[in-house]
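Got some structures for you, see below.
Two complexes follow with subunit A in common, the first pairing it with subunit B and the second with subunit C.
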Partner chain A sequence: MTKENVQGAGEEEQQAQSKKGLKKQQKEAEKAAKKAEKQAKLAAEQQDTDEDDFAKDRYGICPMVQSQQKLDRALVRVQDLTPEKAEQQIWVRARIHTSRAKGKQCFLVLRHQQFTVQALLAVGERASKQMVKFAANLTKESIIDVEAVVKKVEQKIESCSQQDVELHVERIFVISQSEARLPLQLEDAVRPEGEGDEEGRATVNQDTRLDNRVIDLRTTTSQAIFRLQSGVCQLFRDTLINKGFVEIQTPKIISAASEGGANVFTVSYFKTSAYLAQSPQLYKQMCICADFDKVFCVGPVFRAEDSNTHRHLTEFVGLDIEMTFNYHYHEVIDSITDTMVQIFKGLRDRFQTEIQTVNKQYPSEPFKFLEPTLRLEYMEGVAMLRAAGVEMGDEEDLSTPNEKLLGRLVKDKYDTDFYVLDKYPLAVRPFYTMPDPSDPKYSNSYDMFMRGEEILSGAQRVHDAQLLTERAMHHSIDLEKIKAYIDSFRYGAPPHAGGGIGLERVTMLYLGLHNVRQTSMFPRDPKRLTP
Partner chain B sequence: MPMYQVKPVSPGDIKIDLPTCMYKLTNVHAQGMNCSEHALQNGEVDPAVKALEDRQDEVLRRLYELKATVDGLTKTVTTPDADLDATTLSHAPVESVFRGTADLDSLLGKDLGALRDIVINAHPARPPLSLLVLHGLLCQRYQVLSSVHLHSSVPGVPPPLMSCLGPRHTDSYARQRFQLGFTLIWKDVSKLQMKFSTQNMCPIEGEANVARFLSRLLGADPQDPVSATQMDRWIDTAVFQLAEGGNKERAAVLRSLNTALGRSPWLLGEGFSLADVVCACCVLQAGESGSAPANVQRWLKSCQNLGHFRCVYPLLQ
Partner chain C sequence: MTKENVQGAGEEEQQAQSKKGLKKQQKEAEKAAKKAEKQAKLAAEQQDTDEDDFAKDRYGICPMVQSQQKLDRALVRVQDLTPEKAEQQIWVRARIHTSRAKGKQCFLVLRHQQFTVQALLAVGERASKQMVKFAANLTKESIIDVEAVVKKVEQKIESCSQQDVELHVERIFVISQSEARLPLQLEDAVRPEGEGDEEGRATVNQDTRLDNRVIDLRTTTSQAIFRLQSGVCQLFRDTLINKGFVEIQTPKIISAASEGGANVFTVSYFKTSAYLAQSPQLYKQMCICADFDKVFCVGPVFRAEDSNTHRHLTEFVGLDIEMTFNYHYHEVIDSITDTMVQIFKGLRDRFQTEIQTVNKQYPSEPFKFLEPTLRLEYMEGVAMLRAAGVEMGDEEDLSTPNEKLLGRLVKDKYDTDFYVLDKYPLAVRPFYTMPDPSDPKYSNSYDMFMRGEEILSGAQRVHDAQLLTERAMHHSIDLEKIKAYIDSFRYGAPPHAGGGIGLERVTMLYLGLHNVRQTSMFPRDPKRLTP
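Moving on to the complex of A and B:
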C-alpha cells in the first residue's frame, strides 16, 4: 500500500511538472509575441519620425548660447502675460515647471521666478506628433524659449499664477537642459506644512533644502521671501536717508573684541591674529564723535555663539543705527521706531503679492503695528508677567519664554506685534549703557520686539570717558583692552544712542516664519559652512 | 460562568503573632457587602438613594417655582401700564456730579507696578466724542498719560483725530509718574471696544458701556436708583436712537429731550451728568445742533460753556 502510494505520488509529480513546463512555454511565446509587437511599434514610430515631420524646424535643442548671434527678439516675462495680451503672438523664456502628456496633447506649466503660466501643445496644423512627443519628454527645470499665441481661458487656471490666460505653443526650443533626476521636487518644497503628512506626500526637510539651495531658492516661496528681504533693506535705507542719515562702511576685521571678548571668531592675520567684528558699534560711535550726527550701516556681523536655535546664525546682516540726540534718548527711540513703522508700511503696501505667496506655504496672521509705536517700561512688563503668574525678580533679565509670553500679553491688550520695552535693569546690560538718572538700578536702554521676539537691542551710550572707565571697572573689564574705545570720548562727544537690527530676523518675524535659516540666503550656523 | 463554593483553605480562627508596630482595624468590607446583598435580595431601596431622589424632586420643584416667578415678572415688564412713571417719583437731591470721590485702587484693583492703561479701539469713521469729553474730565481728576495710535488695519486718519487727546504731556517719557493711562487706537473695528485687564476682564463693547465705565472712575454715578435708571435710559436712547437711528427716531428723541430740558436745566435735574455728556455728543455728531428745538439749543450752549466739550468741536465736520 505504501509502494502504490509512492508511485502514485511520483506520477502526479511528473504530470505537474509537465503542466508547469507547458505554462512556461506558453508564457515565453506570449513574451516573444509582445516583444515582436513592441519592436514593430518602435519601428513604426521610427518610421513615423523619419517620415515627413512637417514641423521639424519648429522645435529642437538650441546649440549652447555662446553669443553667436544677437537676435532682436523681445521676450515677454511670464508675470506680464495678462488678458490684455490675448491673441498676440509672443516669445517667452521660462523653465518647465511640470509637463503632462495626454494623447495628442501636452500641457506644460512654465515658470519664471514666482509666476507660472499654462502652455498647451496639441497635434495639429502647427505641431506634429513628434513635436508634442519632444515637448513631453523635456526634463523638468529645463530652460526653454517658446513662441506662442496668448489665449484667454474661460475657466480660471487655479494651479497657475497667471489664471486668465494660457499659451498655445507654436515653437519650442531648449536653451539649457536640466538633468532628469532632481535632488528635490519643487512641488514638494512648496507644500504647506502639515498637508503632506496627511496625504502621505513628501515634504522636504530643512537640510535637504539648504544642501540644494540653488533649487530651493527657485521655489515661489523662496523667491517671495528674498524679494521681500531686499525690500526691507531698501526701505531701511530710503527711510534713513530721508531722515538725514549718512551710510557708513565699517571694517569687519578688527584688532580687539568690541564687547569684552567672548563670542568672537579669531582669524589669522599675517604674523598675529585678528577678530571678526561682532558689531560695528565702536565704529558707529567713532563716527558720532567725528560729528556725522546720524549714521547707519548695513553689513555682515559675526557671532561665535555655539547655539543651534531657530533664531541664531553665526553670520548675519546687521542694520545698525547710531545718532546724536538733543536732550533725551527717546528722540532716538522715536526715530528708530518710525523707521521700523515706515518699513512695515512699505512692505504692507508694496509687497502684498510676496506676502500672499509666502502665506500659501506658511500661513500666518498679518503683521500688526501701531503708529506711533507702543512704548512700555520694563517694570510694567515685569508687572504684566507677574499678573499672568510668572515669578521673576525686578532686575532679572527676560527669558526667551517670558519674552514670548509678554509679546502675547501685549498683543492681547494692544493688538500690536511690534513694541518697545524701555528702561532695562542696568545689571543686565553692557558696561557702556547709560544709567537711569533717577534710579541707579535701571538704565536708558531698550529692546524692540516683533511677534514676541527681540529684534533690536539698544541704549543711550555713555559718552563720558570718566564714567565709562568707572562702568568698565565695575564690570571688571580689562581697561587696557578697551583703551582705544574709551579714548575716543576724551575730546568731547555728543550724547548719542543707537541700536542694531538683524535683517534675517526682521524678515522671518514679519512673515511669521519659524526658522531664521529660511530668510538667510546661504545661512551660516555652528553646523553649516556650505554652500 | 457558574461559580461554586470552596471550603475555606485555612481555618478562620488562626492566631497570628502581630508585631507591635501594627494595630487593629475593624473589617471595612463585611458591613457594606452585607448591606448591598440585602438590598439586592429583597428589592428594597437604599435609604441613601431615597434621600438623593427626594433632593432632586425638591430642586426641580424650586426651579419650577423660579420659572413661574420670572414669567410673572416678564409679563409685568412687557405690559405698558406696569411701566413706572419716573417723573412722579420723589427725587433725591442730585449731588453735584463729577465731584464725587473715587479711589482707583478700589475701582481697578491694586497697582502692581504697571501703568493702569485703558485701551480704547475706535473706528476713525465714528469718533467716540463722549469718551473724549470723559477723558478731559479724567485728566482733571488724575494724572493721565494719554496717547493716540494708528493701527495698521487703517491706512490713515485726518490729523485732528491724531491730536484729539490734546498735546502730549511734558512728562510722557516717564510712564511711572502717571496714575492712569488712556490709549486711543484708531482701528478697523465694527464696534467700539475697550480693554483694560485682558486676563481678568472681557473687553467692553459699545460707546455707551465704555462711557459708563469711565464715569465710574470719576465716582460720579448717581446714588439713588431712580436717577441711575433715568441716566441709563438717556444714554441708551442717545446711542441707539440718535446715533444709530433713522430720521424719524432722531426727531422723536429731540422732542423728548426738549420736553425734559423744559423742566430742568440738565437731563437729570439740577446737576450736569453723564447723561448730558452722551446725549449732547450724540446730538452734535448727528449734526442736529443747528435744527434742534429751543430748549435743546439752550442746553447745548450751557454744555459748551462748561468747557468740557472743547475737544469735540474740531472733530465735527
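Moving on to the complex of A and C:
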C-alpha cells in the first residue's frame, strides 16, 4: 500500500469522523506512510546488493499471504523434526525464537508452539554473505518459511526441545514480520520467580503479561496451561456424556436478578433492563423439571463482586451439573466426585508433558486424590479446625483462611488434595437449598475443595413449590421476581441435586498455581476489561 | 409446614420488606395455609376409610424426598421395560401421562422422557377399591413410584412406546404431585399443525409453549430436539479435537464495541460501561497470533438487533472456529465443511429416533449433503439467480428471499441441502476480511447454507497490522477502540481464516423446522426475556 492509498481512504471517511478521531487517523496514516517509506528504502538497498548476490532467489520477504495460489508444498512441524528425518530436505514454518550471528554463520532457534529446533545458515555454496546477513537481521517472533536439510547432531542441543537434529537452511522467506521492539521477552516470561534475580535478569509482572497477552500466551507455560484447560473441559463432558447426561444451553441475559439481586450486572435491553446470569442454576433445574434427568452445561457466569483477590473473577467459566436422584442426594455427590476423579486421572495420564512444563516455572507437588473421594461432614471439619485452635460457631461459614487451614489438616490426615465437605449450615446457603431432614440447622449441601480452595458448591434443591416459597420468603426474596422459577415445580418435580464448578479454579489448583488470572485467557476483574 | 411456621418466617423479615412486598407475601402465606388445610382434610378422609382398607400400606403420598434414607431399591427405567422382564416384580418411577378409570379397574399410561408404558390396577387380592380410586384420582404429570409385575401382552399396545408389555401395579406412591390444572396439554403440544382441526382439537401456539417451557420441553418432540442439539455440540467438538484443535474460552464482557458499535448490548460495569461480545472473533484471532494454530469455542453471542424474524435471536450459541493455513484459505473451508459433514453423518447415524420423532410432528425431507461439499463462487450464485429472473448488482449482498431461492436452485441442480458460497463482494463484509488478491471488488470470504439459510459466515482475515489499519479506517472504525486488536498482529501473525456457526440454526435447518425458537431452550428476542 502506498501513502496515497492510505490517505485516500482517510479522505473518503472524513465527514463521518469527529475531529479528534480524524487527528488520530491522520497520525496513523503518517505512521503507516513512514513505515512504507522505510520498507521501500530497505527493498532498494536489497536491490543494490542483489546484482552480485548468487543466492538472491533463496531469501526475502514474501508478499502477504492472500491466498494467491494453492502451493503444493508440505510443511513439516517442528515437533516432528526427529532423527528419522535425517538427510531429508524439508520445508518448515516457524517463528524466530532467537537469532545469533557469528562470523560467516547465523544460528537461529525456530519455534512452533512449545517446540524449538536449532537452524544454521553458513556462507557457502547454498548461501551468500547477503543471505546470512538477511537472516541475522530478522526480528525475533517473525514467522518464516525455511527449506532445510535435517541433520543429526553429535551432541544433544540442550536449549531446544528437538535435541537430536538441527536444520541446515537453504532457503529462508519471511511470512510475517514482527516489530523489532517486543513489549516483553519470552525468556523473561517463563523464568521462575526469584531465579535470575542475582544476575539482574527480569521476570515479567502480571499486568505486563495480561496487557500483552498475545505474546504472553506464546510461552511454553501458557501453551501448556491452556491445552490442559481444554482437556479439563473435554474430560468433564466426555465423562458426563458416558454417564447419560445431556448438554444444555442456558440463557445469560435474564429478566430478573435471582438470589436477592446483589452482585449482578445490569444490561440495557432495548427499552428495558435485564441482568447477566450469576449461574445457570434456575435453568438447569427447569430442565430437570422438564424430564431431562441429567444435564450439564459449560458457559460463562457473571459476578459483579468488587473482590480483588487471587481467586475471584467477574466473569468465569462454569462447569455445571444437575441431576435427579432416587432416594438420597449422595447419589449425586458420588456422580460428581467420580467425574472429578475421571478428570484428575485424564489429566495425569494425558497431560503429563503440560504438567511438567508448568512445573518448571511454577513448581508444585503432584495433585493427590483418593478413590472413593473423601467425604467429611461440616461438623467434622469444624471439629478438626477447633482442635487446631480455631474458634468458630456451629452455624458459622468457613472463612477463606479456615478453608485453607482445613485443606492442610485434611491433607496431613488423609493424604488427599480433593475432598467433599457435606451438610453445611442451612443459614449460609441459598434459599433453594434442601434443609436436612433430621436437623433444621443443617442442609443437604456440600462444597468440594482442591488444595484447600473451594471449586464446587452444590446441594440437593428444594423441589416442592410450597417449601420453596417458604424458603424464599425466609430469605426476603421478592416472590414476584422468581415466579417462573417456583412455578416450574408445580407440575410434578423429581428430587434432584447438582453443583457448579469453576473451570479456572480447577486448572489453577490442579497445577498448583496461585492466581486465577493465570488460567483465564483474557481475565475480567473489577479493574481489568482488556484486552 | 403449618400456618404458624410460614407466618413466623414472614414476621422475621417484615422490616426488610416494602409494604407491597409484604402484602404479596401475606397472600402467598394464606394460599399456602389453605393448601395445607386442604391436604390435612384429604389425609383425614383417607384415615376414615383406612380402617376397612386391607391395602392401606400399598399406596399413598410419600413425604417429600429429603434424603431421609439410602433406600436399597433399584428403579427400572420405562425404556427398559421389555418382554425379557416378563413376570419380574420391579419398581418404576415415572409420570402419570394419562389415567382412565373403568369400573373396578384403572388404566394408567406412565411416562419417562419420551417412553411410555401401560399400567393396570384392578380391585382384587393386591388392590382394594380405595387404592384403585386413589390411583384414578391422581393428577396428570404427577411423579409416582410403582411396584408392579411386568406382563407380556398379546396385542401390541399401539399408544405406548413399550408395546409388548404392561405393568400390573401392586403398590403406588406419589413422589411429587402435579397441580390439577395444566397450562397446556402434552397431547395438544405434539399434535401436527392442522391435524385435528376438524374435530376441534387444539394445538398450542408458540407463546403459550414458551411461557410454559418446563411443560413444553417434556413432549417427545422437545426431548428429541434438544437431545439432538446436544449431539450437534458433541460432534462439533469431537471432530475438531480429533483434528488437533484446542478449545478456548473467550470473554463475553468487552471494553469496546468492535465493528463500529451498532447492535451491541451495554453493561454497567462497576463505575464504567462495557459491552456484550457480538462474537468471539477478535479473541479467536488473538489465540491464532498466540500460536494456538487451531482453536474453537462454543458459547453465547449477543446481538442487540431489533429483528423479529423466524431466524433471529438476541442471544444464541456460537460454534466458532479459527485456524491458521499454509497458503490458501480453502484449506480452512475444507476443514470446516468436513466438520459439518461429520456432524450430519453423526446425526444421521446416531439420532435417527430423534429425527423421526420430530418428523412425526413436523414432517420434512431428509437432509441431503455431498462429499466433498459443493462450493460455488458468489458470481456463480448471482448468475443462477439472474437466470431465474432476479435482478441484482455484482456487489450487492444476497437478500434473505434470494438466499432461499438460491438454495432451491442449488438443490434442484446439485441435489444438496448444504453448500458453500465463496468470494463475497468485499463491500458487504466486515473490515477484517481479506480482499481478493486478483480483484479488489471481491474478498476471500464465504457463507455456508443449510436448506437455503445461512448457518455460517467466515473469511480469511487480514493478518497484517498495516492493511488492517487501512481497512478499519475505510470502514470509519475508531482505531483507538480496536488498538489492542490491531496490535495483536504487530509481532508476527500467521495467515488464518475461520467462521462462526449458529447452533440453533443448524438444529432448526437440519430437522427442517421453521422457527429458531423451537431449537433454543429459553429463547431471547426483542420481546422475550422469560422464562
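By definition in this document, the second predicted complex is superposed on the first by the 478 of 531 C-alpha atoms of A that agree within 3 Å, B and C clash if a C-alpha of one lies under 4 Å from a C-alpha of the other, contacts with A are read in each partner's own complex, and residues count from 1 in each chain.
Definition applied: a residue touches a chain if its C-beta (ideal position, glycine included) is under 8 Å from a C-beta of that chain, and two chains touch if they have at least 3 such contacts.
What you are looking at is a predicted structure, and each value in this text was computed from that prediction instead of being measured.
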- Report for A:Ser255: first if it touches subunit B alone, second if subunit C alone, otherwise both or neither. second
- Query: Which partner does A:Pro531 contact after superposing on A: first (subunit B), second (subunit C), both, neither?
  - Reply: second
- Query: A:Glu380 contacts which: subunit B (first), subunit C (second), both, neither?
  - Reply: first
- Would you check which partner chain A:Phe54 touches, where first means subunit B only, second means subunit C only, and both and neither mean what they say? neither
- Item | subunit B versus subunit C as contact partner of A:Gln234, first or second or both or neither | second
- Between subunit B and subunit C, point out the one touching more subunit A residues. C
- Task: Report for A:Phe344: first if it touches subunit B alone, second if subunit C alone, otherwise both or neither.
- Result: first
- Thinking of the overlay built on chain A, is A:Ser176 touched by subunit B (first), by subunit C (second), by both, or by neither? second
- Would you check which partner chain A:His328 touches, where first means subunit B only, second means subunit C only, and both and neither mean what they say? both
- Message: Please report the subunit A residues shared by its interface with subunit B and its interface with subunit C.
- Response: 328, 330, 438
- Message: Help me check something: in the complex, which residues belonging to subunit B touch subunit A?
- Response: 112-115, 117, 119, 121, 147, 149-153, 173-176, 183, 185, 187, 195, 197-199
- subunit A - residues contacting subunit B, complex: 328, 330, 344-345, 348, 366-372, 374-377, 379-380, 382-384, 386-388, 409, 412-416, 438
